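Both of the next two complexes hold chain A, though its partner changes from chain B to chain C.
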Partner chain A sequence: MLEYSILAGLLFGLYFCLVGLGLNLIFGVMRIVNLAHGDFVMLGALGACGLFGAYAINPIAAAVACLILFIIIGFPLYYLLVPRLLKSADPEMLSIILFFGLSQVIESLTTIVAGPTERSIPGNALGEHPVTILHQTFPSAWVVSAVASGVAVLLVFIYLYHTRIGRLTRAVMVHRDEALATGIDVGRVSGLAFGIGLGLAAVAGCFAPFMLGGITPASGVELTIQSFTVIIVGSLGSPLGTVLGGLIYGVSLMLMQTYFSSWAGLLPYLLLIAILLVRPSGLLGRKVRHA
Partner chain B sequence: MPRSFRNTLLVLVPLVIIAALAPSFYANQLLLFNVIVFLALAQGVNIIYGFTGYLPFGYVGFFGAGAYGFALAVMHLHAGPIAAMAVGAATSIVFGLVLTPLLRLSGPYFAIANLAAALAISEIVSNPALESITKGPYGVSLSGIFAPTFSYSVAVAVLAFATGCVLYLRYSRFGLALQAVRDDPISAAMAGINVVWARTVAWLLSALIAGLIGANFAWYVSVFYPDNVFSPDFSIFAIVFALFGGVATVLGPILGVVLLYGLYNVIGISTPQYFQLIYGLLIMVLVLFLPNGLASLLRRWGIHVV
Partner chain C sequence: MLRKVTSYLIAGSLLLFSALAAAASAPSEIKIGTLYASSGPFAAISMPVHLGLKLWVDQENAKGGVMVKPYGKRIPVKLVAYDDQSNTATAATLYNQLITQDKVNLLVADSGSVLTSMAVPIAREHKMLLLDQTGTGGTFFTPDNKYIALMSDPVSTIWPKYIADFLTKEGPKLGIKRIALIYATNDFTGTQANAVRKFIQDSHAPVKIVYDKGVPTKTSNYTVLLNNIKAAKPDAVIQMGYPGNDIAFLRNLHDSGTHFKWLFAIYPGLETEHMEKTVGIDGLKYVYTYTPSSVVQYHAESGMSLPEFHKAWDKAYPNSKVSFGFNAVAGYTTGLVIQNALAATKSLDQLDLRDAVFGLSGKLKTIDGTFALDKNGAQIGEITPLGQLVPDGKGSLKFTVVYPSDVATGKPVYPAPAK
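Presenting the complex of A and B:
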């Protein structure tokens, strides 16, 4: 039982890394809080469900399509919202309200277009046979989703640490003004990071029907809170911290579900509050307190 | 005539008279009651967000704590409605005290932690494991104390209290101290303001108002489910109404509630998703172009907003 929950927790943890990574990338590069993150996850999920239902397209292919589509959407959205926001008096604070508005717009438009019904994909869309790892048997959808998440996270790290534009992105993360002064096109780097952040959210969404159950247009808020828990446990603005946070979150969620199942729903909230109060900088990170 | 007295005469008295007399001119008392609920909540948000800069994304936690404090007092202690309202308000203040450490967090982290706290308390109350105490997700029925006219007049009193608090903050040393803390806590502390104390008082005052109106709501509707009194819509509407009108003023939130809740009642009830679309867009436009609400627009035209 214990081995099963820990292994399942690690599989879910890999997935939660992916869920939180896009949010953290956007926060790290622009210091703004994308409160609509969960809604982009939701859009990805509904996209995958729609493509699977209509054309029986494999969710992995849908994930690749979503990534490209949302990177393309991210650019204009960035130029529409972010530069104006960053000029205001308190961008971090106002961003939370602005993106909350965006999340409402996305949720309502999705309800108008797709209806409020719950969508899901049958679990056998990602392989028929259960997979055995270390004598424990898991549904193949979990394993495939976890592996796909791991690959996506790995690709983000390759982008950040082994490409030129990734190095520029990290420079902007460290110090925006200094990056501007050294001649980096901060706008373009941030726009790309914004698009990748949204794209990662949508990719995570494509696997959400397998890992989190049915998705409705109103699922966004809960997904946003879960993503926040992951990145705050790790630490804001640090992609490596997100991986740690995701794994911790996944394992503790599975342990809660095994041993205290009726209270498992409380976990993200309590973990979030506890970490913010005890160690607000997260396990690997910067200071967020002020008074 | 002192300014505080004149403003009371100009704003508070007419507001209370209109709220008290409205049911005799307009038959839908539930709608009027909801307007009062949102007026009180918007003023509560105004106190904590407008005067101290903390955005209470989980403000509904206090509202629900008040409602459930009221319900538990009636169900288990067989208290009368007024005593039960006191219990509801006390529950909400206790919840506020538990959350006081969150005030150590800066802006966005506070908002997220507060949202998580509200979701957590809602999850606890609606947990089937606590069915013997809170009735879990199955909701409470207090039909024995149902008294719409009486509870409506109590709601008018709560509204008067909430508006009075904001009037006081708007024109008092303490209110100015809070705004100084909001703008620059370090300079405010240097000027001799007890920053922690000032913030805590504003926070608990705002919790008290939400708790009172929450208990009042529980009394007025008498039958409700956790999802009704912990609906995130309460926090969101209260914040949007207050922001739209303009925080740190008395009239701003009132204006916001009257205009936007009016709009909600025209289109929101039959087609909630279109209303959601409109207020989502409205929030975005406000943040980008008018971050201080309608009141700042009026001020730009040289009109003093109380």
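Presenting the complex of A and C:
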């Protein structure tokens, strides 16, 4: 049972890396708290369910489509919401309120359009047979989701560390005003990062029906809380921290389900309290953030 | 002679004044206050109930209103309904508002034990009868609370009796010795789990519970839990949760390749249409479940028959995103209880209404079965037989009622064939 829980936790944790990655990217670049992050994951999930139900489009193809679509949506959304927010006296606090409102709007509109009931995609859409890893059997959808998450994390690393725009993004993450002073188009860089953040959320959403069962318009809130736990445990603004936070969250959840199942629902809050008491900057946090 | 005429005149005048007084004090509408959850984890069980009740309201208003005995006439019904969004704090505020601000004549709870639980003390405090639609938590019904009556589901403390009876009486004959129990920790399924555990333990049958775990109601992934259950080598597994739990459990079971010889879950029976869409036919094959009133055709002496109700539902809610199932029947049944109670009550006083509702016990027969209350207001009628979903040979599933034997329509398939 222990080996199964740990392996399952690593697979589940890889998925949660993907869920938290977009949120961390947005916070790292803009220092704004996207409380609607879980709702974008939910939109990706419902989009994948809709595409599968209507056109039998494979969730992996849906993930690619959602990534492109949400990057395109993210750009104008950034210019609509963020620049004015950043000019305010306390953008971090105001962003909580603004994106909370956006979260409620997204949930309500989605409920009106799609209805309140659960949506899902049959598990065999990502593989007919379970996969055996180290003598333990897991649903193929889990393995596919974990691999997709790993690919997404790798692509984000390549973007940040091996592309020119990624270098500029890291410069903005270190010090926004200095980046502006050196002539970097901070708005364009931030807009692109915002779009990529939403795109990553939507990609995570495409795999949510397999990892989380049925998705409803109300699923966003819980996903936002879980995402925050992952990025705060790892470190705000650090993609590597997100990977670590996701793995810790996944393994802890599976161990809790095995040995203290009734208390498993408290895990995100317990982890948050523990990390804020012991190491508030996160496991990979430093006094000064470096991209 | 003159004295006789005078007496008749006085008697006649008194009668006339009484009739006028009664007519003058008749309300212009009967206000029924209720909540529903259009979003959140309880929307799937709340919206069908709400729409079932609304259908009854619309039908009665089409006839000019509901017959109210104290006034001797039909009075239009106004449904005052608010959306609690599956939030218990919001629900508590709205229940208070319905009583103190809207001053409803009848208070109807939202669906499910979680959203009913905060209505119980509020109704009691305001001395308002709570018409509990589907909240079956055992703690709601106590001797010191006169202000509650359960409409549609059997109370959770007895509802799973047929599951336990099957496992303890028929199970040993089939070779069932080891039972696993997993349940979501809330009033509804927690109470059922406690009940089934007690029935099994008190039976002294040669079966034992080898796995017994509660999980949070928000649990959305059961893969590790399924592995742990498998490690206990059960012959039978009982899963108790809300639709989200059942969907996640059955999907994860199907996707992981794990197989159980006997598996029970609640919502494959209560919301079959919805489960078929989310879990798939394959994931529901051979699952045992409660056989709901939306499948079993009880002889209805009040209200529509099941085919008539289904037709009326499809007409009222075409292209609805809300599935037809047991919960739709439950909402309609609430309306029928209100209709029959108002037709018998002495007044709109809450205790008179309570007497009228309790007076229907054992007598009212609807598409949900026979309405029967114990002295604390818990529903002890309308118990659902144990059924199994089996392939019908045409790519779909059908119910076979397997227990009790007097209503059984077929034999249980055990062990369930591996998928």
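Just so it is clear, the second predicted complex is superposed on the first by the 285 of 291 C-alpha atoms of A that agree within 3 Å, B and C clash if a C-alpha of one lies under 4 Å from a C-alpha of the other, contacts with A are read in each partner's own complex, and residues count from 1 in each chain.
As a working rule, contacts are C-beta pairs under 8 Å (C-beta built on N, C-alpha and C of every residue); 3 or more make two chains touch, one makes a residue touch a chain.
No experiment lies behind these values; they were computed from the predicted model shown.
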Would you mind checking whether chain B and chain C clash or fit side by side on chain A after the superposition?
clash
Could you look at A:S262 and tell me whether it touches chain B, chain C, both or neither (first, second, both, neither)?
both
One more residue to check, A:Y78. First (chain B), second (chain C), both or neither?
neither
Partner chain in contact with A:G123 - chain B first, chain C second, else both or neither
second
If you stack the two complexes on chain A, which partner ends up touching A:T216: first (chain B), second (chain C), both, or neither?
second
Given the touch rule stated above, what does A:S5 touch, chain B (first), chain C (second), both, or neither?
second
Going by the contact rule set out at the top, does A:L109 touch chain B (first), chain C (second), both, or neither?
first
Quick check for you: in the superposed arrangement, does A:W142 touch first (chain B), second (chain C), both or neither?
second
Just checking: does A:M254 make contact with chain B only, chain C only, both, or neither of them? Give me first, second, both or neither.
second
After superposing on chain A, check 93-101, 219-227, 237-245 or 291-299 and name the one in chain B that bumps into chain C.
219-227
Residue by residue on chain A, keep only those touching chain B in one complex and chain C in the other, then list them.
107-108, 111, 262-263, 265-266
Report the residues of chain A in contact with chain B in the complex, numbered from low to high.
33, 81, 84-85, 88-90, 92-98, 100-109, 111-112, 221, 225, 228-229, 232, 262-263, 265-266, 268-270, 272-273, 276-277, 280, 288-291
So, in the complex, the side of chain C touching chain A is made of residues 37-41, 43-44, 47, 85-86, 185, 213-221, 223-225, 227-228, 231, 243-244, 247-248, 251-252, 254-258, 274, 277-280, 321-323
Quick one: which bits of chain A touch chain C in the complex? Just the residue numbers, please.
1, 4-5, 8-9, 12, 107-108, 111, 114-120, 122-124, 129-130, 136-142, 210-214, 216-218, 222, 254, 257-258, 261-266
Interface with chain A, chain B side, in the complex: residues 53, 55, 57, 101-109, 111-113, 115-117, 119-120, 123-124, 127-129, 185, 195-196, 199, 232, 236, 239, 243, 273-274, 276-277, 279-284, 286-288, 291
